[in-house]
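So, here's a batch of structures to check.
In what follows, subunit A forms one complex with subunit B and a second complex with subunit C.
== the complex of A and B ==
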């Protein structure tokens, strides 16, 4: 009884179990079901990579209250690192953690402005950082091959000198997405998640309660960038081609849109957002111009009609903006 | 262990050309309830902000429980056992009461065990609101939650910035009763405009006036002090 009163987590953890089992089953079955159709299997694989990215974006945007529009750039750092290292003879499986770590460290450093800038101002700043990163990907052509991009990226090895088969790669991506969601569930249900939510809600009050706001924001960036980095490393050999356009601001906004569309700050909202939106952009590949218009319209629709995302339902104002009652003085505006 | 809990010496704070605090000395002993009064803009909240690390002083030495607070961040000061509330009540409005309390426990100096948390929640009459969103509570309940969130951290000193601000007269009476019981749990520093609170709770009163310390002493003496009456009490409240 007493445990029940302060022990807020076990109930929530249990609540995640049923959807998690369902998600694992679907993610694991898709590559097998679609193995006859290479194109659809590829779309499913890309969706899994976006799941991973959305988990990282959700940790930062949904749970910590920071909207990092340089997220794709961070994934790009990992992708380029992995591609360059494998070209230099490294095994992909060794390059992956190295590239991911490089992305995480870069993400932590690039997240430093968030210690001073809140809400919209940090988002603006991250937009500038993303632009500079895209320019850097073009400029350092010795490492990135500039605007031309790097093509014919070899598949990871499956041992014995053989490359990973399409099906095996799809299963690796599905496993990565499932592990990513599990990692996110564990993170937000831990005391770390408790602190991040407190920072999202009111960072000054969080500090007054003993929470090291600076330190935990940096930890959030480190973990969020891990998701970006793993996704970026897996992306490059899967698609076989990367260029600065693969990791530009539009990609960042796509990932943000999937999280916002699904419902930020919930585990399963962004998963649904990715499942609906990530395949869409590939299935609409032939109507390239319409795709961008459609995305623009979706962004507007989400902001106007569904500020809390699918998980929050239509027409409901986000709880963050709901009117507060019985307060004698207005508080600072919500972030 | 020294008897002195908070020792602020020659604390000054300027905002541009405006002097908010002019060389203020405040000493608070363990277990002694210190009240701070003064007209609007006299520097009371600035003083709390400086002590709690929210604002850096331009000069002065602040010692808390024998340790200097120079350069400490608010979270470090909170972890050292010095906690504060805000003039405009501040809770995590989107989270439930339960989640608010759990958040207060994660980085507490000495988190209370669950049964002790429950005991305090019952005492503060907030237990029945545990699953409600904190933003939907009444102001009084939010103030009670604020106290609960501080108490579960077992602070050595709690600085309250106008704890009865905005409450009805019945609620003020309830709050005074709660605060006088609170004195047995931790040392209290209280800023108030309501003289009733100061009269009933404080052992010692510091009067601020335009950033300077005008007077200091037991409430009976201070509230009868002619300078205090002229400058402050005579005006409206008393």
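== the complex of A and C ==
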């Protein structure tokens, strides 16, 4: 184990160092370069928030092998909590950790079905949870203002009463995205990350090797939901308007697509995926329905043509195909 | 019982029957496809709405009689399904854990169709209504019911009965059921597995199209019906037991009545909450469903 650590740690960290420096430079420079054009700066800022979400989704989907389609709903819990708390007079910077924690707790609890359900059944279950959350956002209109949504959410203040400037908040978002990627790199390269990967590869075998599968899946959900929560909390004041549709199943699918398209189970694949796909929906503006068609086509392309994404995925040989159709094939039980 | 209460009761029953039979149709279509080729078709709601919208175009825009339009639309589903099967679906027939791939694939199809609908039909109208098949009103006790809805109910039940007979007694139906149960044993007994797969995909989609068209004949609809229908059909399939046609039939009817009854006394949102909750419980505690085959 120690040999493995000294052998693997530095190389992996150095491997991430060059792209990390490049990413930090780009993320930090973008708000400054684009500060003349609020619209493009806004697109860049939204991309940064999607980076955070993609990191969380990547931890769950890419590294733990779970495919939750309720990610946007978890982000929504945090967004609504933060907006309600700031409306009640809290400072945004105090509401942010509270909302994030609320989202993480919710995410951990809502992730519990993953302990019993696998593959399609868990994905379906998370889809149902996402739908229930969207319905709940509409239904509990006392907290969420229902379908109308909450508008005119102010940017947070810098501590002495005045709201942050757009540029300052863009820099906050860039810093959050960079810290998110760093946190993901550290998580994945720690022993926790190796255990999660073991669970992804074969959770029964991982359990037999003494890994507490239940506990680690819950930890994965807690950390993944942290990303969702921070992203959701930062999202609300940035866009200034949230409604149940901001956190519906389409958004969950989009986040999944960015991770899968980029290359799940790699650090930089999803970052590239986000950089390519997230700006689209904001740049297309009134032709945004084209985005739905395009995303749908990309989903099919990812599934059919490149299951490993553009970054190549797990870095293993392609999985074995089962024999042709008229030969006996083992068929897994539904569970 | 006072007359007003009797009318409410009867109208709940009639709505429940019509909704239940249409839910059953769609859920049977979904469960046939899942049971045979293991594809959880999340795009069923979009197919459902596609049939309804094509029917709207044929009857309202082109002025074709609804009966002929129904045959045309349901007939059109066959080449469409074959094309989809040929291009996408058959690629995964040999992949071991293909239900996840299929699920995501069908979510992609959902997104494409939803985008197309929003871009085309969504710009033309909010609410769509088809002309009735037949006019007139029949009194069931004190309750007036449009003959059109009675005919829709009769047609839906007839299609369900025909489907049941087909699956139970006809050679093709027996082949499909044999592949349902054990693909390898069926192959050994000389069943053409691949043909049976594509047949069940086409059959399942045709049934979903029929459900969509009948729904559009009975009620006015909008584009949001699609997602509700997808989730409802999945809930019915999971609770009834994936692959179980009888389960889909019974649970579909129960859901129709629940929807009608809960919508009368509370809101449709409560109805949605209730069966999503039921589905979660079944998923967690009896994932093989109530009527597991």
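FYI, the second predicted complex is superposed on the first by the 305 of 335 C-alpha atoms of A that agree within 3 Å, B and C clash if a C-alpha of one lies under 4 Å from a C-alpha of the other, contacts with A are read in each partner's own complex, and residues count from 1 in each chain.
Note that in this section a residue touches a chain if its C-beta (ideal position, glycine included) is under 8 Å from a C-beta of that chain, and two chains touch if they have at least 3 such contacts.
Just so it is clear, the model here is predicted, and its values are computed rather than measured.
Student: Between subunit B (first) and subunit C (second), which does A:139 come into contact with in this model arrangement: first, second, both, or neither?
Tutor: second
Student: Name the contact category of A:194: first (subunit B only), second (subunit C only), both, or neither.
Tutor: Once the two structures are laid over each other on A, A:194 reaches subunit B alone.
Student: According to the stated criteria, A:125 is in contact with first (subunit B), second (subunit C), both, or neither; which is it?
Tutor: second
Student: Could you say whether A:94 touches subunit B, subunit C, both of them, or neither, answering first, second, both or neither?
Tutor: After superposing on A, A:94 lies clear of both subunit B and subunit C.
Student: Any idea whether subunit B or subunit C touches more of subunit A?
Tutor: In the superposed model, C touches more residues of subunit A.
Student: Tell me which partner A:117 touches in the superposition: subunit B (first), subunit C (second), both or neither.
Tutor: Second partner only.
Student: After superposition on the shared chain, which partner residues are touched by A:204: those of subunit B (first), subunit C (second), both, or neither?
Tutor: Touch status of A:204: first partner only.
Student: Considering only touches as defined above, state whether A:67 meets subunit B (first), subunit C (second), both or neither.
Tutor: In the superposition, A:67 touches subunit C alone.
Student: So which positions on subunit A get touched by both subunit B and subunit C?
Tutor: 322, 324-329, 331
Student: Which positions of subunit C touch subunit A when the two form their complex?
Tutor: The touching residues are 40, 42, 88, 91, 93-97, 99-101, 103-105, 107-116, 118-119, 122, 183-184, 187, 193-194, 227, 231, 234-235, 238, 242, 269, 272-273, 276-277, 279-280, 283-284, 287-288.
Student: In the complex, go through subunit B and note every residue touching subunit A.
Tutor: Contact set of subunit B toward subunit A: 52, 54, 73-75, 78-79, 83-84, 86-95, 98-99, 101-109, 114-115, 117-118, 121, 127, 130, 135-139, 142, 149, 153, 165-166.
Student: Under the definition above, what is the set of subunit A residues touching subunit B in their complex?
Tutor: Its residues touching subunit B are 2-3, 5-8, 191, 194-195, 197-198, 201-202, 204-214, 319-320, 322, 324-329, 331.
Student: How about subunit A: which of its residues touch subunit C in the complex?
Tutor: Residues 67, 113, 116-117, 119-121, 123-125, 127-129, 131-132, 135, 138-139, 249-250, 253, 256, 289-293, 295-300, 303-304, 307, 321-332, 334-335 of subunit A touch subunit C in their complex.
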